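One chain, subunit A, appears in both complexes that follow, with subunit B as partner in the first and subunit C in the second.
Coming up: the complex of A and B.
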């Protein structure tokens, strides 16, 4: 099993949910497909979706909901 | 000779040195958030200082070139790649017809300037090619770039030299923990002495909302105001004033909680008190701050503000002489 760490493409605030009262996009252990939204990053008054470029098993998140991120910070691990 | 935008990045706009002369009508200067980096990028490709280039914030675009061109990327450390091969920043490089310019992850700073020999030849609007998205003015159709846009290039002014570089000691890629010099302003008397001390002692962090209009900071202690009966025409909050002009770099603190430094796309007036104005020499530094990075404010007097301006002008002259 190759483990790959996916990095944040932009800095901002990371969200795991589409809105505070909704469930998270993905849980650790979920199988995700390329094109799935894994989270949101808020910057400059807009929310940019973090879209999976490849599929696999989402092994773990490196950051929590509403944590600050810098570009290049690890977001989650993917088992391909 | 053109640039085809394959992917626009997060918010990539055409910018030059701006559109002075219309602020009294509510049309701000616009132009590069980091003017020195724009001038450096233009110098590297043998353009004039005020030729139009692309400003990419946090994330680079993907661009296909329809003809050979000389390109330079300055400002933020956003590694350029030609057909996937990494190129240096702060150095002119050749890109061939059909090749694609893309970018790696941002390593430092916030805004990269992508200058191409000849400059981006969008129409002049009120004397500038800068994009003012809020007013749908200038640049390419008055907005940030989208996939499928095609940008014309002007004819090269002089023969550019691939390999030309800015010596490392003269580069300002933008950093963390910056100090912003501020001239305390007309409304300083509205806050308590303790609040004034806290403002300069506290460490402030860039809020994710920060953009070309204003850079919002949070994390410091709220300001306490001296009591007064609000004058006619001012709102009821103690941070409200009778409407006034907002200078570029002015620091308004709505509700006394989160200072906002107005930047190149500033609104020209309104009803928030201003604690002071960040000196013009430090506005470029703000343009290179990422969300969550730290900054502190330091009080200066006019003499130091003017000295800082002369110092930056001298540094820029040195940079241009070195290229």
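Coming up: the complex of A and C.
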């Protein structure tokens, strides 16, 4: 299977949950569809959703919840 | 005991401002930095730098234990919290003091009391400072609502007890409207917040945001007059002035005297700001809250009074008494500050972190630029978007705005998109020039395409 690495579109802090007391958007192993929200990136106190541009199986995250990310950094792997 | 070494528990332009004030007093500076801030201007200027944790503020600048430990280990004898982060955290202030260090700010109990809106409101009432007339809690029945609204005076605002940030607000101009809106507002609040509870408050249609700067040494308190910060977007100030040109001299004196009464009643220590809403139609002012720290917009006050507020904070924290008598605080001219943020006004104020590849800063008489920028600096995406503050002074408000417009033409930040175009447009807008604005004016202006 082809593994594709999706990069962070913008820099900031990566969140896997909509808020600290809520479950994660996606778990590794989940099947995701184009348009699904995979996480949030907080850039200068604004929260931007990370929206999947294509579907597949989310293989793994490269960035942990609340960790910093730069634009272009590997964010997650997708099995198409 | 005068401070010998100061730990700066903040970042950005305010850290730079604090380091400069400390230097003038011969105080050694130790700058806290997160892993993302090693290259910031304050880190370059400070005598020493201590890394306090990862980029995310909750693990660095907001971690009370880590910050206190770092301050102690650095050999500092005082901590300046700046604004934001832990600056109004009473527990942090107490921890600093328990560790045997000086907290540059008010006593922890003052921060705690003023940080609680209900307590602050009650203390204001006790000091004879007017607050926005309201229901003092939930309104239980339509009869009670009518009775309270009559006391408050129409129009009244109907607010959801569980709401916030302007959500769930309705305005009733008459008793008939109140009767119609209460059930509607209650069911909507129930649906939105799971709680149908409502309270009432006087509605001020064209409210202006006016705030009084105070300075206390724990015994005596003086004011350094007021600022107006009515130009706001999403409750964030974007343009600030001193003094508030809309106030009649008698109102100014009454307003500033009320702020001193309240600050004195709590034995205020350090620099603080009392925020008010001003109703230009009735000439009434109402206390909203007190900020127990230095504020972003403090330079406009410095420009019109000649007082160095940050230096005064450090002197007071070191045990000095107020060096200025109230009668020596004299207003001179007018000052305007605009916030230069890394945001794109043409794209809904989208954040725009990046590298400042080139920088040209306006200079000349009456111009000051307080900034965190230098050429080649990579503005990190993890913190707020304030890059700097352009502050101008003029002998009159009109002269200050002319100077502002000219200074904005000289300001060039390459590599980053900034809010400078917003301020260029505001500086030539007829309503801004006439001072005919209120706290909701800017958002309406933006919606009407003021920028295009």
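The rule is short, and it goes like this: the second predicted complex is superposed on the first by the 80 of 80 C-alpha atoms of A that agree within 3 Å, B and C clash if a C-alpha of one lies under 4 Å from a C-alpha of the other, contacts with A are read in each partner's own complex, and residues count from 1 in each chain.
The definition used in the following text is that a contact is a pair of C-beta atoms (placed from the backbone, for glycine too) under 8 Å apart; a residue touches a chain by one contact, two chains touch by 3 or more.
Since the structure is predicted, the reported quantities are computational estimates derived from the model, not experimental observations.
Of the two partner chains placed by the overlay, only subunit C lies in contact with A:66; subunit B stays clear of it.
Of the two partner chains, neither subunit B nor subunit C is touched by A:55. Of the two partner chains, subunit B and subunit C are each touched by A:45. Of the two partner chains, neither subunit B nor subunit C is touched by A:74. Using the contact criterion defined above for the overlaid structures, shared-chain residue A:18 touches neither subunit B nor subunit C, since it reaches no partner. When the two structures are aligned on the shared chain, A:9 is found in touch with subunit B, with no touch to subunit C.
Residue overlap on subunit A between the subunit B contacts of one complex and the subunit C contacts of the other covers 10-13, 42-45, 68. Interface residues of subunit A facing subunit B in the complex, by the touch rule stated above, are 7, 9-13, 42-45, 48, 68, 70-72. Contacts from subunit B toward subunit A in the complex involve residues 10-11, 57-59, 105-107, 110, 208-211, 290-292.
Every residue of subunit C that touches subunit A in the complex is listed here, in rising order: 35-36, 54-56, 58-59, 342-343, 350-351, 353, 381-385.
Touching subunit C in their complex are the following residues of subunit A: 10-13, 42-46, 66-68.
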